[in-house]
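Got some structures for you, see below.
Shared chain: subunit A. Partners: subunit B in the first complex, subunit C in the second.
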Partner chain A sequence: MTAAVPVARRRAARAAERGTDRAARPGAVWVLPAVLFFGLFAGLPLVLVAVLSFTSWNGLGTPTFNGLDNWRRLLKDSSVLDSLRISAILTVLSWAVQTPLALLLGVWAAGRQRNRAVLSSVFFLPLLMSTAAIAITWLTLLDPNFGLAAKFGHYIGFPDGNIIGSPRGALACIVVVVTWQFVPFHTLLYQAAARQVPRSLYDAATVDGAGRVRQFRHVTLPQLRNTIVTSSVLMLVGSLTYFETVLILTQGGPGTSTTILPQKMYISAFRDYQMGYASVIALALVALGTALSLLIVRFSGFAKMRSTLEGM
Partner chain B sequence: MAAIGTGMPRRIRRAAGRANWAAGIAVLVWLAFVILPIYLMVKDAIQTTDSYLDGGPLSLPRHFTGHNFVDVFHLGFTRYLINTAIVTVASALLTVLLAFPAAYAIVRSRSRMVSGVFRMFLIGLAIPAQATIIPVFLLITRMHLYDSLTAIVLPTVAFGLPLSVLVLASALRDVPRELYEAMTLDGGGSIRLLWSLALPLSRASLVTVSIYCALNAWNGFLFPLILTQSNEQRVQTLGLYNFQGEFTSNIPGLMAAVLLSALPIFVVYLFARRWLIAGLAGVGGK
Partner chain C sequence: MGEKPLSRRTFLSAAGIAGLSAPLLAACGTSGPGDSGAKGGGKTLQAWVLVDQAQNRVQQGAITDFNKASASKVKLLPISSDGAAYTDKLRVGMGSPNPPDIFFNWGSGSIRNYVQTGGLVDLGPKLSSDTAWKNSFLPSVLDAGKIDGKYYGIPLRGMQPVILFYNKTLFAEQGQKPPATFDDLLKLVDFFKSKSIQPFALGGLDQWPNLMWLEYLVERTGGPSVFENIAAGKPGAWQDPAITTALQQIRDLVDRGAFGTNFNSVNYVKDGAGLLFAKGKAAMHLMGTWEVSNQVDRHKSFAAKDLSFAPFPLVTGGKGDPNAVVGNPTNYFSVSTKSADKDAAIDFLKKEMSSGAYVDALIKTGDVPAVAGIEGKLGASPQPDFARYVYQLVQKAPSFTLSWDQALAPQLKTPLLSNLQSVFTKKKSPEQFVSAMESVK
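On to the complex of A and B.
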């Protein structure tokens, strides 16, 4: 074996010169199981949701075609527009809260800190808990009778402690909970990226007399530009998954003040049993997700296939 | 900080090595924010209901009890945990079994079709599962799988495939071509290359992907919510959701259930921290 390797190398080099090598290559059959599986349970549903949007279906019987009825109804339905607006507000708000936090924490965690290992283990605990567990834990904290909210509500303008029972308070609660849940993950992204910033850039900045703040603005931020884009887009696409948090925390209420688009779709489909109409709303979600995903592929370097685990 | 040479003027060295108090304090505030709910969850779970109601949210617990956990088990939580474990193991295994050969072919094959497959998985990464639940519900009912654990596993695996293929493909890309060629000259076919070369060399990524898929399946909520119904097929996240509706006055019992649902993952985290963090960081790319 030891003698065979140099021989193999030479042969391989010759093969490479000819533009071919003789190693066995797997055929297309190898990707078939994964493609079929993915096609059946993720690809086909994507096509089906478009088909269902032209039908009337109660979830039990057979879907019957009703042409553009659902689409016409969508144009007249102001509650869908409302939930689109609430989705947008929630998405932008949680982006604006999470991004600076994750960025600063990530850069801090990338530096040499004595207690970083211990601190960062605590840090990641929210990543391990399910959305259901997190939402339920926070719901008890926000309980107006026995929770923390009862005690501290009147300091922030809720004398009865019922933060989650007021329209504005409920939206703020959702932002707080998703921040608690997702900032650790984004911190991780920034930490991994900040470690890749060449040391020499900081040394040069230090020699030029740049202080910590200027180093952050002129070295760290430009170097993290790609990560900021990736993290932001993931956050925006991920805001669709706030559905579960909303379902448990507020059920879309009070009134419809936290009814985001996925919530609206779920209610139409599985409470009102109007699967066709809900499919139209689902298509709007797909359109939003696709638009944002094009941004991911364009800006994040996924398409270039760089190893994402380098340096971990 | 240590990288800064000793040859530099002392003033500069001191500026670079100075502790960053502002950041330190901000981090401590954040840690308090992270820890508080977890502390309260643990504290509530181990005290009696009376002590919870009397003491107020921030008081130190006085009357400890293990009774809340016993209550939770009496309500059938063992069943939910077993169901979740089955779904988790099946999903992680199936995902890796499907994703690994696919990633191997994507990296090694020269056919145009296979690179098209890679592009498909890239796009698939962004399909919002929320938007597909209605047709998934239709498919599962038509396959007569509604209200079974299989119904949860199938879409969970499908939506875990894109990322798994991506992570495994980038690991396999790092295997030097010469190794494949050397083994081919020794008479190895594609299957042998996969089994005795690609597999051992991408072991770390396989662990990462399995843990990531398992974590997702363990914490999954949406597919169980729409695809199961009966108590026998319920997973832990739905169990919690139902308890939350029923346990309005028994917060300690509810918190005991929440703690039990997260405990297995906390234990995994203790042993597999490196892989878990690598896997999660790998999600975002650079």
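On to the complex of A and C.
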């Protein structure tokens, strides 16, 4: 991927020499199906939600326009602010836990011995399971009387196994479950990227007398820069939409201590039947996700698509 | 809690997925499998019900019987999986141009919006013109389905009051009796605590089981009018002293260890609380009648040998009648105004819902139908003693308060459950609960 630009340029230059530049370029009509699908299933719903956000609608009959009421309410709603705070904590925590784990596992799994291949496929198992199945399995493990929580709770400060029923414990459980579920995916990304790092860099580092740790710090990590950005964007934006895990594990409780923003949106729409207000929260989520990914891309230098092979 | 009468089966997570796809469906206006076109003179009517193998068989029996003699045919459409997913789907269906013709519901708050938007047929005139039909149901149960004084639902299932279950073997071993007063109950709590047995099982993780305690304690202390005022949306209704008293009683119970210490991690729907109770680790369990079928399904020998039941104790000096009950009177069938053939739909309810065959089939599944004059038939129940007990309990009850989360406007439900959970975990005081509930608009 990293070498794509020069290769493409060279190819284009060769094509120009032969005078077939124009013919080789696909017409705009080829993107039509994709644009249509995107418009129908992403663009149109987004527009409809935006329209709904200016209405009061309980899901029955016709929505009535109420101007900026929902937006004003959003700014004053302390429970939304709470949800936003919980979402932020969850996002930061799960990024901080998942990234090092996935990075180390991925780099390790990029080696080629046979036992690694076997172990890797074991690590990747959670990737195959549905979120609901994962959450239900963990819920059973976390049962304070008959699950593992009863046996091991007191090692981590929950002598009565009341992990998922305490505000801190519940949040920690969600981080653990989400990590367990998504680390394999990110490991896969890092594994693929680590395999792309040219051997010659390591050979040169060895000649210069760098040990394994220094090689990791000064060769592997910089080479994985773009992958780290990609994986972080996926994690951070993804964590804004965590939903099923929370719904099944804690239902937003105890109290409201794990009611993250998507949960709050769901409750507004399908428990309170305030579709207009839920639309406002949904749009806030869209804005937040977009802003977050733009920020990361901008400040990490990812947008410039600077090759990691520069100076080679 | 009201949404869960059938969900003794495993809680499935389809709720989330159903919820997410709903707005798209609603936006396109094509939701709800609309198959109500004309067929051979008659129409095909859809009857939406919750998936429940035993119940669906009984409902299908009634439909087969009706279809034999009717031009318009009724078709059963069981919808998975738990209460929440069903209500979401129903909402989308009712908002679409093709709503179900007949559908299962919990009465009161669960259908009030549909009534307000003119989506439901007022069955009152039909009931009054056919008094025999009206009188075939228990009045308190039929009335519990009323909205603004009008009838929109016909009882479809058994009655589901909340009952104090106890482990009779454990009680006998320890020389104890079920509590007659709240003070007795506190003594029992202290007694079992001293024996290292958890006094009550409570599935606090699911939140709605907590509500049963508040409902009964408010009922016993202040009588049914306290909640009637809340349900009617009267200003300051949450400030009734009975609410604060009941919440303080709850805190007292928590402090005494009535529910153990980890009840907030215990679920009901995946049998956490039921298992504690069945294993003898908890002595009592406050739960809806469906707890019996739950125990019969999962812990047969416990259900046969140890499971017993008592009314909720009276609160000394309380205004409430000790015979009053709370819970879910029953489930109802309602008819949409947009139905392809309203008359056929009503005929179906008239002909089948109190018919002998239907009642017999319900009793065989362990249900106690809300139909008048069936004492003689209850012997056919798999738990005849329990069936008779429930039937008499409801018959002599001066009031039957519907589960609050079903009776209240939808936007009150989530704050009610989460604020109450905060009282149980001592994150909120009774006064904070009251002011939080007063501020919900």
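The working rule: the second predicted complex is superposed on the first by the 251 of 312 C-alpha atoms of A that agree within 3 Å, B and C clash if a C-alpha of one lies under 4 Å from a C-alpha of the other, contacts with A are read in each partner's own complex, and residues count from 1 in each chain.
Everything below uses one rule, namely that contacts are C-beta pairs under 8 Å (C-beta built on N, C-alpha and C of every residue); 3 or more make two chains touch, one makes a residue touch a chain.
Since this is a predicted model, take the numbers as computed values, not measurements.
J.: Touching A:M275 in the superposition: subunit B (first), subunit C (second), both, neither?
T.: both
J.: A:T227 contacts which: subunit B (first), subunit C (second), both, neither?
T.: Only subunit B; A:T227 stays clear of subunit C.
J.: Based on the superposed arrangement, let me know which partner A:P26 touches: subunit B (first), subunit C (second), both, or neither?
T.: first
J.: Give one of first, second, both or neither to describe whether A:M129 is in contact with subunit B, with subunit C, with both, or with none.
T.: first
J.: What is the contact status of A:P144 with respect to subunit B (first) and subunit C (second): first, second, both, or neither?
T.: second
J.: Between subunit B and subunit C, which one contacts more residues of subunit A in the superposed model?
T.: Of subunit B and subunit C, the partner in contact with more residues of subunit A is B.
J.: Just to be sure I read the superposition right, which of the two partners does A:A34 touch: subunit B = first, subunit C = second, or both, or neither?
T.: first
J.: Between subunit B and subunit C, whom does A:D69 touch in the aligned arrangement: first, second, both, or neither?
T.: A:D69: touches no partner chain.
J.: With the two complexes superposed on chain A, say which partner A:L292 touches: subunit B (first), subunit C (second), both, or neither.
T.: Only subunit B is touched by A:L292; subunit C is not.
J.: So, does A:D77 touch the first partner subunit B, the second partner subunit C, both, or neither?
T.: Neither partner.
J.: Both subunit B and subunit C touch subunit A; at which residues?
T.: 45, 48-49, 59, 131-132, 136, 139-140, 143, 146, 243-244, 248, 266, 269-270, 275
J.: Which residues of subunit B touch subunit A in the complex?
T.: Subunit B residues touching subunit A: 1-4, 8, 12, 15-16, 20, 23, 26-27, 30-31, 33-38, 40-41, 44, 52-53, 56-58, 98-99, 101-102, 104-106, 108-111, 113-114, 117, 120-128, 130-139, 154-155, 157-159, 161-162, 165-167, 169-171, 173-174, 177-178, 180-186, 188-190, 193-194, 205, 208, 215, 218-222, 226, 236-238, 240-241, 244, 251, 254-255, 258, 261-262, 265-266, 269, 273-274, 276-278, 280-286.
J.: Okay, in this complex, where on subunit A does subunit C touch?
T.: Listed in rising order, the residues are 45, 48-49, 58-61, 131-132, 135-136, 139-140, 142-146, 149, 160-167, 243-244, 247-248, 250-256, 259, 266-267, 269-275.
J.: Give every residue of subunit C touching subunit A within the complex, in rising order.
T.: So the residues of subunit C touching subunit A come out as 11-17, 19-20, 22-24, 26-27, 88, 91-92, 94-95, 113-114, 117, 119, 204-207, 260-267, 270, 272, 275-276, 281, 410-411, 413-414, 418-419, 421-422, 425, 427-428.
J.: Within the complex, which stretch of subunit A touches subunit B?
T.: 1, 4-5, 7-9, 11-12, 15, 21-28, 30-31, 33-35, 37-38, 40-46, 48-49, 52, 59, 63, 101, 104-105, 108, 111-112, 119, 121-134, 136-141, 143, 146-148, 150-151, 180, 183-186, 188-189, 191-193, 196, 199, 202-203, 206-207, 209, 211-212, 226-227, 230-231, 234, 237, 240-241, 243-244, 248, 262, 265-266, 269-270, 275, 278-279, 282-283, 285-286, 289-290, 292-293, 296-297, 300-303, 305-310, 312
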